[in-house]
Amino acid sequence: MGARKSIVALVIVLAILAIAPLGLPRFYTYLIALIVTTGLLSTSLNFVLGFGGIYQFHHAVFYGAGAYGAAIMIAKLGYSGWLGFVAGPLVAAALSFIIGLICVRLSKLYFGMLQISLGSLVWAIVYRWYGFTGGDDGIHGIPMPELVGSPLGAYYFALIVGGLSLLVMHRILNSPFGSTLQGIRDNAVRSQAVGVNVRRHQLAAIVIAGFFGGVAGVLFVVVDNSVFPDMMFWTLSLEITIMALLGGWLTFLGPMLGAAVIVCLRTFVSGFTDYWTLILGILLVLVILFLPEGLLGYVLEAWKRRTSESAEG
Amino acid sequence: MDIISFICSPGVLCQVLVGLSRTVILFIVASGLSLILGVLRIPNIAHGSLYMIGAFMAFTVSKVFGGGITGYWMAVLLAPIIVAALSFIAERAIFCRLYEREHIMLFLLTFAFALIFGDLVKLVWGAEYRTVSMPRFFQGSIPIFGLPFPIYNFFLLIMGPLVAIVLWLIVNKTKMGKISRAAAVDREMVGAVGINVSLVFATVFVIGCYLAGLGGALVAPIVNVTLGMDHTLIIEAFLIVIMGGLGNIWGALLGALIFGLTQSLGILIWPQFGIIFPYAAVIVVLSFRPTGLLRSTW
Amino acid sequence: MLQVRNLHKSFGGFKAVNGANLQVADGEIVAVIGPNGAGKTTLFNLITGILSPDGGQVMFKGEDITGLPAHRTCKKGITRSFQVVNIFSRLTVFENVRIAVLSQQGKTFNLFTPSRRLVTDETASILKSVGLMKKKDSVCGALSHGDQKVLEIAIALGGKPELLILDEPTAGMSPEETARCIDLIKELRSSMGLTILFCEHDMEIVFGIANRIMVMVRGATIIQGACDEVRCNQAVQDAYLGGGDVCSV
């Protein structure tokens, strides 16, 4: 039941967003495209975090890998844009396979800490490899194929690819693989006892999440035409974790909602003050203390309670 | 010139020692992180920010006491205490409510504090970098291997093991230390025998944060004190703690040693990417000993 | 079917299992009894692969499965229920059993078919056989303790086992729940042809349904045999049944 409602909600939102550019100034189409990108990133993180119980503390590496993969293919190696768009997520998936393989043998917290460390290594290499990755400058003004070169084209590309990715992830979460993953989250020992090879499933989940993180990275390249090393910095990883938490990490659309809230807040608050990080920190404290199931989680719980009460009364 | 004689030449050895003396700072901060990780079981991301506050605070205290040698010692004395007090407030106000909650929440809370403290520094001290001038007592150098070796770095090389020993004494020889080690293994049992586990956690947390502040105060004279020094430090501290074994102080020392050596040698051999040598070391260590070199408390 | 020879397992300095021997034949119901801390649960963990033994051998249907990890022993045909309820707390009763069935059918890497369309019949039949079909959509946290213990068994059944290991299946149950559980166990043996290995503290249950009993004290097997043999054995009397002379009755 909940599965179908999510899809309906998603389709409605996508439909609204599809006609939105007709009435909004260019800045807002950029903002919405950014929200879709970041929301996809956050959802891909929550694929393993909220639904798999895996402490994926450095997901941004795969975002950066996807973005840099596409950017380097196009800007440095001269391949066509579409090839670059395909290469990005594949690079991200490969990287997540390697990092996952190293980390998945370890228990939860070690996994998270080691992933942060390995991810930082990738960041350090990208940051210093001036010749290949543009070093701390990044790469800017990446040429795009005609279809997605304009802001409107980029917008619809992000919407379509983002929407499709969400649908695919949703499908996977409702498949036997998804059920098994959630079982592992709730009780890894029991899963083993019913015959599930926990490590293998976790690795597969990490690769899937990394792949879609890479897709988000490609979307950013399309929307912004640039990449920079901070896309892989650990602070971004924790920011998207905050988004997932804020929106509701046990729900599918929660992270998307969280991303929307935070991207909007960041854009508008940064206009008034230099201390966005401080506000983000305080917001996080409030969410942890008072709203740990997130906005969407809270709303769904309240609605469930009301319908069960009215059913009894 | 082959690698071995290159590494053993006085110039290189001197450089390696300088690198090691800087890693002492890393060890001091990492030991605090390891302590908190071992007993409270949370990786304290705010540790880097507390280190940064320690450094900035050292700058201010030093100025208040007129710089020079008095300013320096007052800074080393007071800055860590102020950092510890700050962490105590944070712990009592918010942290302690969450000890019963899911692990990951506590971890995210430390991140929230890292964000808050980071901007707090910007608020109080502004965005420019500061320098703490080296007191005349520590200026100059002494000859080691026939080459001049900065006195301050020599001082750091002594401080490192000193801190390690004092910490080891506290953890293993005091009653509080024994209780915290018990709480690390079985917090429910400790609570069941009537000890206030929350207070134990608070003490350990404050000591750990004190060490972060101490690291910051000690490093102030030899680096530019800037915003952002928290970001790189916390990653390096994580690496050291993972390599050494979570919760193990000697492990942190060993890890810092390996980190310092591989980093110094790495930069000498391959200047552009020498930074990857410590990471390679971590991966190698973890392939043979997945829980770190020395026994972790987990 | 199952043969355990001289199994050993230590934790640090503590010998939890110190020479355990066990034989279970096809279609039998075998009980393992012993005082608390005798190592019964550890023994079950060693057999199913949650722990790996320091020494000894476990043979299942002629094959050496010593030290095989838990997910592999399950595929070989051994499943278990846990003493402390160990279920997928956030999922419903139906979903809990469905995971076990999906795993048994090797479908867990299926990424695209919605779960709710698969294995519904098999899952339903298991739930019917244990009597939980009416509560199939309840979230596990809301079930009574007795129902949760039965769910434990249902999940274990999902793996289509040949040997079912039950760790204190009636612990914490009310008398009616216990009676129903015993009927269920008997039913499982008679209609599904399962071989059952279990451990219990309630001696009435043990002597009531077991074909043979193995007694463990301080990690070692002291005897395995038929009910009367065990009841009248002096060592067992002294160690476990409280001395005295049951056989004179």
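Labels A, B and C are assigned to the chains in the order they are written; within every chain, residues are numbered from 1.
Here is the rule we go by: a contact is a pair of C-beta atoms (placed from the backbone, for glycine too) under 8 Å apart; a residue touches a chain by one contact, two chains touch by 3 or more.
Here the structure is a predicted model, which means the values were calculated and not measured.
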item	value
Remotest chain, chain B as reference, centres from CA atoms	C
Chain ID, smallest distance between chain and overall C-alpha centroids	A
Computed distance of Cα centres, chain C from chain A, in Å	42
Rounded Å distance, chain B centre to chain C centre (Cα mean)	49
Centre distance in Å when chain A and chain B are each reduced to the mean of their C-alpha atoms	32
Chain C residues within the chain A interface of the complex	48, 50, 69-71, 74-75, 79-80, 82, 86-91, 95, 98-100, 102-104, 107-116, 118, 155-156, 158-159
Residues of chain A defined as touching chain C within the complex	3, 171-172, 174-180, 182-183, 185-187, 189-198, 201, 204, 250
Residues of chain A touching chain B in the complex	55, 102, 105-110, 112-114, 116-118, 120-121, 124-125, 128-129, 233-235, 238, 241-242, 245, 274-275, 277-278, 280-282, 284-285, 288-289, 292
Chain A contact footprint on chain B (complex, rising order)	41, 43, 45, 94, 97-98, 101, 103-105, 107-109, 111-116, 118-120, 122-123, 231, 235, 238-239, 241-242, 246, 272-273, 275-276, 279, 282-283, 286, 290-291, 298
